[in-house]
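Next, two complexes with subunit A in common: one pairs it with subunit B, the other with subunit C.
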Partner chain A sequence: MAGTTTESQESGLKPQHQRWLAAIALVFAVAYTLFPVLWLLNNSFKTRLDMFSSPPIYINGNPTLFNYIQAFVERPFLQYMLNSAIVAICTTLLSLTAGTLAGYALARYDYGRAKKHISMWILSTRMMPPIVSIIPLYIMFSYFSLLDTKTALVVAYSGFNLPFVVWMMKSYFAEIPRDLEESAQVDGDTNLGALFRVILPLAAPGLAATSIFCLILSWNEFLLALIVTNTDRANTLPIGIAGRITQYKVEWGEISASGFAACVPIVLFAFVVQRHLVRGLSFGAVKG
Partner chain B sequence: MASVTLRKLWKKYGNFVAVSDLSLEIAEKEFLVLLGPSGCGKTTTMRMVAGLDYASSGDIYIDDRRVNDVLPKYRDVAMVFQSYALYPHMTVYQNIEYPLRVRRVPDEERRTAVMRAAGMVAIEELIDRLPKQLSGGQRQRVALARALVRRPNLFLMDEPLSNLDAKLRVHMRAELKHLHHELGITTIYVTHDQIEALTLATRVAVMNKGILQQLATPREIYNDPANLFVAGFIGSPGMNFLKGELTDGRFQGPDADIPDLIKGRHPDVVLGIRPEDLAVVADGAGHLGGKVFSVELTGESALLTATVGGELVTVRVDKDFCADIDAPVRLAVNTTRCFLFDARSEQRLR
Partner chain C sequence: MATSSVRDAASTALRLEVWVERNLRYLLLAPTVIILLGLTVFPTVYMYIVAFQKFDPSNPAASQWIGFDNFARLLSDDKFHNALYRTFEFTFFAVSIEFALGLGFALLVDKHIRNLNFIKTVLLIPMMLPPICVAIVWKLMYAPQFGVINDIFKRVGLHPLQWASGYDTAMLSVIIADVWEWTPFVFLMCLAGLASMPTEPFEAADLDGASSWQKFRDLTWPFLRPIVSITLLLRIMDAFRLFDQVYVLTLGGPAAATETLSYYIYKVAFRFFDIGYAAAISIFMLIVTLMFSTWLLKRMQIAD
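== the complex of A and B ==
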């Protein structure tokens, strides 16, 4: 309250007016952010004619499911979505499992000088633009006959995600007192048992925050998927959507319907882990 | 209950020696206190016994079994940490149950053991709470209950009372002593608090800079210190030290002349005398002369600090004692309670 009074004195506005101003600013920010998404949603229920009518139709009085049927029944967007889900979930699981164990080892075990070098080396792989690795990856996948498979995407995305996961989890583990796992070991648990029963439940916010980053990265990735996959069995949603821009026409209806549908799983997941996400991102930022 | 033997134990971190050539035997049912200032190696010693740190060399035996390479879980020890190390995401019940759960003890047996351990430290009504909902003293009890729940052969306690306020510490100290008497579990207790050491221990091992200074009963440690470090570390207020010369049983230093001490000649000695073994006497009498520096009332007595030959000497006096600052004062020494140390080696002269 004291803070509010001081601020209102400084700005010369009553607290009531300040709240109104803040609300107006928020409305603009939300509108600016949400307008493209809502326009996408709006377009996905329009016919091709309505989409290009002038003046534009803001409120669609005649919604149609035509675009959704086209995308998900007539065309294999459901398959793309499934591919994306499989790739994103497998990538997240794989990078979280390996990254968590690596992060734990880096946070807890002492390798002398090598420890710092290993951490930096892991981080350095993140400094390179992903496009640099595309040709070597293509050659490697070709050599192992993995071109046009979901496995190739899972392997590559896990590689992209790992440095991030390792560093995030390393910092979470470093914040958890070592006494806890030592106590668990004296109580009769193994190192791994202490990690799973005591440390991981305490690192849950970190796991949630890290998992959503992994999921978003692999769900949205376009460039590598475009190079590595070329048939429906491995194409992901971003490739499928881009595929509707053809040489002769752009299928705006299908793009809108599948584009909106592509947002839904990530938004839902973000809602589920939102509580952890906020706590997880600020966790470890300050001590005490 | 187990006995513990440490033989020529060393712990080094690079060039830093944390524990140096430590040999100790701890008998069954004994309450051994490792006492010393911060960084003296007492916690490192305990961690090696627990299996949380490897010994650089030497042997650790629990009973007749060499345990140097045995994992903590197979040593049958329980440990109470300074931070209590309660698992924050588990309730009090789950915390206490943990050692039994990881050993796959059947449900019914587990429940009985948890409730018995909780009963021993009077926390039955807190059983469903999370650690963050407990006070410091209650957390301490939960940590104790978790250590007690499976009746280990050896109890390790790392400064378990240091996070409690003064009043609660005295209370928990008494409870620990009672608990040890009831259960008779061999205990190694680490502290830097000499009062805790003297009140709880069967024997005290005083350590400094990784080296064992003296291993004896609390009474012996107080009444018969082996060297200057032990003499100065034990006692509150601490022992007074005066530098001087010993000639044929007579100690002479600045403003000090004390006859009837041990035979021998030493040009460079330190005389130690505890505050309660000094008395204020009339002018012309006594062994030390000085000026009053301060008088502090502590309740049941008062502490007179006087300047004797440039050194401050503390004397425990009657609570009604009064004196002006800078007034001359004469002090008599109980010559049977004087300790003499070689100033160079710091070892006791007998």
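== the complex of A and C ==
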């Protein structure tokens, strides 16, 4: 507390003034952050006519579910949403299984000088701009007749997510004391047994946070899905939304409704992983 | 007979278990390494091959070898130069503004937000939303006729703008949307750094009568630098590959004013079907990215 007082005297502001300034800044930041999302929500309940009124309608006195019905009943947005969910869940299962094992190995075992190289190689695959890997992936998928399938998306997204899972889980495992495995082994467990019976349960919060990040990454991905999918059987939600925008016409009603629907699960997830967020965003590098 | 086969099975199982235990460190890594080899190393190698061909998408085996022709085109292709310039322009301005705002804001509210997890969560919403949704939200607000931004402009007496559909304002529009999306990321990372800072050196500095600026320069900044570097690396790499927002907000236009490298490669490969040339541009982009990230990682030494 003493530190705060001196510091604020230095900058010529009393502590209570400083607190007011911070509070005003925070209120402004929250309003600025939320306004665009709320504006989309507001728009999604407008009639086709109200949507194009000028000046725009801020308080909608005439809300309608027309856009939601249009998108999810008349148009195949429910199918897109289902595709997105299936792809996200399969991707998460696949990348979490492989990545957790590798993360554990890199946190616990000694590979000599190779260790640093393996870790960095895994990370560097993530640095690759997606557009760069997409051309060869497209050719590869067309060779295996996987174009326009959810399988192609699951395979590719698992590759995109793996480096993230490995680094995240590595950082969670590194925090679990080694003694725990050693005592499990003294009790007669094998290394693998100790991993499954002792370590994984302890890493459960990390596993949960990592899987939510994987779900979000797959749910949000656009570029690969744009190139690989082209019919309703594999189109994901972002593709469906972007498909209603052309150079000549923008279907604002459907886009607002489906766009807001695409945001809802993400906002819920954001509240769930809040505590793990900083670590997730920095690949486990910053503990937060 | 029966007992010996049971014993055989038991000893096979035991031998398998011993083998698994002995090679566990490699077996645990194997799935990840195999998947990454298949999905990143193989494609990269294949792309180098394609870059030396006049690639025929309908019959890859019949593609002609044309040596360095695709790479030579990079030198004379004005559209490629434009895309490169636009990408740097976007990356530089977007990331600079995000850092100025994010770091400044973190320093301002640091001591007052530590327990306000709800507010932190609200602030992280933009960066977690699907980029496509971020783009449609802003496209909706930018609309010149019925958009809310021009309405606010008119109400406060400013001249309405064309925003995403105007040549001079398109890049600005993409940058503003990106700043909205990613400033909270910089803010939260800096906040995490500030929260983990020890208090003793600051108390000592206060006793010595150090000024705010001196404390920032000699204590806060050196402590924050590793986190700022990681954040900078992640932001620059992400900004450098911008695609989704451009696709929705401007389609690269007007007149290629927002045509980023990713978008240009997409156009060359999947609109003009000039896959060999697209591969050559991709290799250029990959090399730039790798050179930059290795340089920054070496400087920061976060690898352990």
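The criterion applied here is as follows: the second predicted complex is superposed on the first by the 245 of 288 C-alpha atoms of A that agree within 3 Å, B and C clash if a C-alpha of one lies under 4 Å from a C-alpha of the other, contacts with A are read in each partner's own complex, and residues count from 1 in each chain.
Here is the rule we use: contacts are C-beta pairs under 8 Å (C-beta built on N, C-alpha and C of every residue); 3 or more make two chains touch, one makes a residue touch a chain.
Computed from a predicted model, the values in this text were never measured in an experiment.
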Subunit B versus subunit C as contact partner of A:Glu182, first or second or both or neither: first
Touched partner set for A:Thr47, first subunit B, second subunit C, both or neither: neither
Touching partner for A:Val198 - first (subunit B), second (subunit C), both, neither: first
Residues of subunit A touched, compared between subunit B and subunit C (which is higher): C
Partner chain(s) touched by A:Thr190 [first = subunit B, second = subunit C, both, neither]: both
Touching partner for A:Gln79 - first (subunit B), second (subunit C), both, neither: neither
Which of subunit B and subunit C A:Thr149 touches, first, second, both or neither: neither
First (subunit B), second (subunit C), both or neither touched by A:Gln70: neither
Partner chain(s) touched by A:Trp252 [first = subunit B, second = subunit C, both, neither]: second
Touching both subunit C and subunit B, counted on subunit A across the two superposed complexes: 190
Residue numbers on subunit A that touch subunit B, as the complex places them: 177, 179-180, 182-190, 193, 197-198, 201-202
Subunit A contact footprint on subunit B (complex, rising order): 50-52, 71-73, 77-79, 81-83, 85, 87-89, 98-99, 102-103, 146, 150, 156
Residues of subunit C defined as touching subunit A within the complex: 17, 20-21, 24-25, 28-29, 31-33, 35-36, 38-44, 46-47, 50, 57, 60, 105, 108-109, 111-113, 116-117, 119-133, 136-141, 145-148, 151, 154, 180, 184-185, 188-189, 192-193, 195-196, 199, 202-203, 206, 211-212, 215, 227, 230-231, 234, 237, 240-241, 243-244, 247-248, 251, 261-262, 265-266, 269-270, 275, 278-279, 282-283, 285-286, 289-290, 293, 297, 302-304
List of subunit A residues in touch with subunit C within their complex: 2-4, 6-7, 10-11, 19, 21-23, 25-26, 29-30, 32-34, 36-37, 39-40, 43, 51-56, 97-99, 101-102, 104-106, 109, 111, 116, 118-125, 127-133, 135-140, 155-156, 158-159, 162-163, 166, 190-192, 216, 219-220, 222-223, 226-227, 237-238, 241-242, 245, 247, 250, 252, 255-256, 259-260, 262-263, 266-267, 269-271, 274-275, 277-278, 281-283, 285-288
